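Presented sequentially are two complexes of chain A, the first with chain B as partner and the second with chain C.
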Partner chain A sequence: MKKLLYIEMDNCIGCRSCLAACTQCGGHDERNRNYVYDVNPLVDRQTIPLMCLHCVNPACARSCPAQAIQITEEGAVLSALVEKCIGCQNCTIACPYGIPKFDEEQNLMYKCDLCYDRTKEGIPPMCASVCPTNTLQWITEEELAEKQERHRLGKWVSSHQPFEPLEGETNVKISLPGILQGVQKLF
Partner chain B sequence: MDRAFASKFAKMYFMTVVALLILVYVGTRFFTHIDLALYGYMVGTFVFIGGFFYRFIAWAERPPTKLIMKKGLKLLFRKSTPQTSVEHLGTYRFIFKRGVYRWTQHVLLGWGCILSCCVTFPLVFGWMYFTMGENGLYTVVAFGINVMQVKADGWIAFLFYNALNITAFMVIAGVCMALYRRLNNMQAKAEQTFTYDFLPLYLLLFISITGLLLTFSNIFLHGWGHPVISLVHQWSVILTLIYLPFGKLAHIPFRPMSVLAKNYREAYGEQQMKACKVCGSSFVSSEQSSDVIQVLAQNDISFEMKEGFHLAELCLPCRRKYRMSRFTGIPTHEIKVKEANQHAKG
Partner chain C sequence: MLKDKFQQNIAGKHHPKEKLVKTHCSYCGMQCGMNLRVDTDSNTIIGVEPRYDWPVTRGKMCPKGVTAYQQTNHQDRLLKPLIRDDASKKGTKEGFREASWDEAYDLIARRFKELQAEYGKDTLSVFSGVSMTNEKCYLTGKFARVGLQTRYIDYNGRFCMASAAAGFLRSFGIDRGSTLPWTDIHQTDCLFIAGSNTAECHPTSMFRVWEVQNRGGYLIVVDPRETPIARRADVHLDLRPGTDLALANCMVNLLIQNGHADHEYIANYTSGFEETQEIVKVFTPEYTSEITGVAPEKLIRAAEIFGKAPNAIVMFARGIEQQVKGADNVSAYTNMCLVTGKIGRPKSGVATLTGQGNGQGGREHGQKSDLLPGYRKLTNPKHVQEVCEVWGITPEEMPLPGVSAFEMFELMEQKTIRGMYLLCSNPAVSAPHLNYVRSVLKDLDFMVCADFFLSESAEFADVVLPSVTWSEDEGTVTNLEGRIIKINKAQEPLGESKPDWLIHVELAERLGRGDYFRHLQTASQVADEFRLASKGGYADYYGATWDKIDRQDGVFWPCKDEADTGTPYMFEDHKYFHPDGRAKICALPYRPSAEEPCEEYPLRLTTGRVVYHYLSGNQTRRIPFLRDMCPEPYVEVHPETAQQYGIAHDEVVRLFTRRGECFYKVKVIEAIRKDTVFVPYHYGYEQSVNLLTIAALDPMSRMPEFKVCAAQITKVPAAAKEAAR
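On to the complex of A and B.
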């Protein structure tokens, strides 16, 4: 059964467990590849996690002169192949979300690979498996459809999307923070 | 002249084969010293060149590849080029930074293969051969010129005779290290496939072992089975050569691109850096920023925002913060606060 990463932004409390978990993924070399951002740092404590959203048409791979960024059958956009990456950093400039990181010493780009060693077996990625507030979820397509149906209840309901918040279709699905009114969000 | 060939491929292939034949003509003292036992390798090489150009041209025609290659070649003669080339293509400094184990493995494999080629191909094309002058002395002839005389039982001669044995042991050690890593490393286990990651290793292993078997047969079996083994060895080399441009080993001929990329980044970085349209800090050369925008446009991707900038014109932290603004409506990227702890270090 195909599962996907789903981000329920409302739930994030900024604990950064996802960053710590990311460092522990096999092959990540104890360096995290995701981010947690303060939305309005001088005013409140709201945070939102940001990681590679695994675009269906990834700009990083399209801009790579060495064809080092592979896309798996499941739609995961992998980190650069070590033997192919020539260190030009086009991908870091092309990514609309600013996700790829670059190691100058190793002359190598590295980015979220959706913990491919885990997710290809149906195991949730490290970040989703540790998230204490269910911000990062690993759900089936049916569960996603159910959630989206619930969010479509009305104009003021949580997570309605007034405009397209992303650049093109992504394999990671998101739910924007919104206003709860009359409907209880259950996770 | 352009009309003389059906395609760029035809032209490049023809030119290379002609150049090679001329070099053979000169090197073999006008076709008088061809080692016909090796002619299979020669045919194999010609087939390899065809496959290589086919793959290389398909690769180089991609918009981002073409751009960096074209600009990188113009910038080839920079002061830093020799050092970059040595570090990227010779000492593999960047792999050392990825781990000593991987570096050792790569040096053994890489230099094992390169040295083997440096021995094999000059012999195949007759660019180098040995003649016996006086008794007990060998003359090394390179391109028809007597380069040096060595004692037939001296240590230099020993290295000459055993060069391919030594490199075979290097490659076998490297392959074993690589196989061990592939069987144990989590990341490798997740992403590897038999055809892409294992096949080239097995091919190199097969070549090295059949090569060593030739020596074994000479020393211990009085040459028993030598003709058969040499044919098996020859075929395995030819097969690997033909396969080379299409699998993982293609990174060998394509790797010099990393020197071009480095020059491209350095040269344009010295010219003018791009200031982030939000925070004003410089993060990449202006040239590369506009190149990426152009490459994306060729792929029908445009990240022009209604705020009046292209996303490739924002530095990475600002680009991430800008996404927060798209998620929430709060202009996070305009709030002058450094991004909070992003390194999971408490």
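On to the complex of A and C.
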């Protein structure tokens, strides 16, 4: 059963457990590959996570002159291959979300690979496994369809009416803040 | 049992040359399930893997949980006993030398015997904690009363759960932290959460909290700060710190007035309604608003939602409990459920969010100054007789009740207590009024500290004994639901470190009390004696065998015998534990905090946790990820208040009270009241906000008022700022 990463931004409490957990994936050399941002720290405590969205047609891979960035059949965009990466950092500039990180010492790009070490065996990625708030969820396509139905969402999952805020389609789906709009109160 | 919508059947990732040891986190009362990854070549813990099948937390962990494994083989671990011969170096890291266990035990036994010969048995004290297994907690109580034969034992639960315990005992006649399992939370229709920064202190509750709202239910949060959970609340009651009792009385008043009281329930199962109704009458929304600073409309709306909700759960934590009227606050918020009959059934009830890993179990089995195993009372001759039979002593030999944790410091100052055995606690950071506490610790004639890191408190000790982390021993812990769970051993003790229960057994031998302890040579043998000692008490663990815990994903106490599967839901028969079988609706007049703001100290200082640290920070400040995320304390100030003081974000300011001063960076944020400032308490030395807090104690629970005192801020001249850094 194909599953995908789904991010419900408004659930985030900023605990950064996803960052800590990222280091625990077998293929991650104990370095985290994702981000959590304070949205408006002088005002409130809203935070949002950002991990690689695993674009269907990823700019990082397209920009790579060495074809070092592989895409798996499940759609996971992997870290640069050690033997191919030339350390040009094109990918870090090309990515619209600022995801790829660069290891100066190894002259090597590394990024979220959707815990391919785990997900290829049907085990959820570390970040979604530990996320205490279900901001990060590992869900089936049926579950995504239910969410889209409930929130009347477009191709890109968002709480507003269908629109396409980003150019490209991504394998990771995001629900922007405002998820509770339209929830029917029990009483 | 207790399956829910979050169930996942995932085994977890298994790496080659590794085994997974299922256990729970070392930190808070959530006790999240986790698997420790153990390298099978070196037999050492190397990581963590989610435990997806644990029914309470479903693999979820906060950043403390994810990195908890890094404690075990940490470079700062104490590997050998330490002795300090030069007492003038007390209060510093200096002067310690490594010693053998024999030398350390001999020195402790000699000094303890000398002190007791000269000043009497009660000159020694034990200061303990509840971040350890029930077996260790149980044996610590026995070690104090049978091994050391002293009446003075108390524990850091006085800084944590004592008010919840006192309040529940008064309301229900029994103190089980939650009347229902955590797996009910997401199914209720209204969560009323007071004084709990749940998102940071019990993060793995949050997926259930948000689910209430996803289902169309309501979230009401009572907190002076707009915490990450308050940010999304349907109603945020942003009260002044220390005014909960007025707010709770107002809720009860409005519930009655709105016709939401369940008079049949009140008549059949409770007492005290009429007196309470009389007391709460004055707490109109307008009058309550004057005291609490919360807008009347919000109070009205909150009471309306709670009253209309078919099911509702009232939850609270240290915010309401760490006050000079903490026990009253607990009973007053509990009144909301009793008056509306929203208790004693699924999806409705009362729960406190237990702070420490074993804050529940650790308070039940005889570490508290007046309690014996099974929640028995030292003042009840029948209870004393029952425990004496297990311990093999006569009732005449049983020491009298002692005093509470902070009061022990006062007895140290008076030289009534001259020696202390400290374990599993770090009062040099976590106690209030630290200038006083630290000077008292320094003046002790002889102090022993058992810990796995050299804590700030260990720096006051003459002898430091290396104990083990949670992952190097086995035993049970009782989580915040009242569910007894099993901690499993994943690695042999590092260096020469030993589990606390073994240290007690060996030390008792040196003190000539070996006959009472010698038969306890494994954690499982301690467990068997402990279950027996609890048998017949309110907190009866006799039927909670390790095998049963494993088989049914934990056992909720009371669990009286082999056939008993435990008690997930309390009061289902609506029988309470008072002699009349009724719950007590408590009539509680309002009283202000011990130290109200004044012209000289116009701000209210409140303290609390951040998500990255646990208690005094002795563990979490050593974990690189957690330290990097929040390396130092800060003072949170509303922008308007900052403007009034002419201070800017990130500027270092002097924050002071009648008891001390600290220098903190300012964190400007709109998510706090204008009359309130907040500082996290996890830090040592001159960074400890407890240098400023007040040691005013709740008369019932003896809990200090960490959550409110009067403070003032001044700007710091540039030169002084440099010096402070």
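We adopt the following convention: the second predicted complex is superposed on the first by the 169 of 187 C-alpha atoms of A that agree within 3 Å, B and C clash if a C-alpha of one lies under 4 Å from a C-alpha of the other, contacts with A are read in each partner's own complex, and residues count from 1 in each chain.
We take it that a residue touches a chain if its C-beta (ideal position, glycine included) is under 8 Å from a C-beta of that chain, and two chains touch if they have at least 3 such contacts.
Fair warning: this is a prediction, and the values are worked out from it, not measured in the lab.
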Task = Applying the touch criterion given at the start, work out whether A:D117 contacts chain B, chain C, both or neither, answering first, second, both or neither.
result = both
Inquiry  = Quick check for you: in the superposed arrangement, does A:I48 touch first (chain B), second (chain C), both or neither?
reply    = first
Request  = Could you look at A:R62 and tell me whether it touches chain B, chain C, both or neither (first, second, both, neither)?
outcome  = first
Ask   = What is the contact status of A:G26 with respect to chain B (first) and chain C (second): first, second, both, or neither?
value = both
Remark   = Counting residues of chain A touched by each of chain B and chain C, the higher count belongs to B
Task = Could you tell me if A:Q148 is touching chain B, chain C, both of them or neither one (first, second, both, neither)?
result = neither
Inquiry  = Is A:C131 touching anything from chain B or chain C once the two structures are fitted on A? First, second, both or neither.
reply    = second
Ask   = Now for A:Y97: first (chain B), second (chain C), both, or neither, which partner does it touch?
value = first
Message = With both complexes superposed on chain A, which partner does A:M9 reach: first (chain B), second (chain C), both or neither?
response = first
Task = Show which residues of chain A both chain B and chain C reach, each in its own complex.
result = 16, 19-20, 23, 26, 41-42, 46, 117-118
Ask   = Hey, which residues of chain A end up touching chain B in the complex?
value = 9, 16, 19-20, 22-23, 26-28, 32, 35-42, 46, 48, 50, 57, 59, 62-67, 78, 82-84, 86-90, 92-99, 103, 105-108, 116-118, 120, 163, 165-168, 174, 176-177
Message = Taking the touch rule as given, give the residues of chain C at its contact with chain A in the complex, in rising order.
response = 10-13, 15, 47-50, 52, 59-63, 65-67, 189, 199-200, 203-207, 210-211, 213-218, 226-229, 231-232, 308-310, 611-612, 625, 629, 639, 649, 668-671
Task = Show which residues of chain B lie in contact with chain A when the two form their complex.
result = 59, 62, 64-65, 67-69, 88, 94-95, 97-98, 185-191, 248, 251, 254-255, 257-258, 260-262, 264-265, 284, 288-289, 291-292, 295-296, 299, 301, 303, 311-312, 314-321, 323-324, 326-328, 330, 332, 335, 337, 339-344
Remark   = Within their complex, chain A touches chain C through residues 10-11, 13-17, 19-21, 23-24, 26, 41-47, 117-118, 121-124, 126, 129-134, 179-180, 183-187
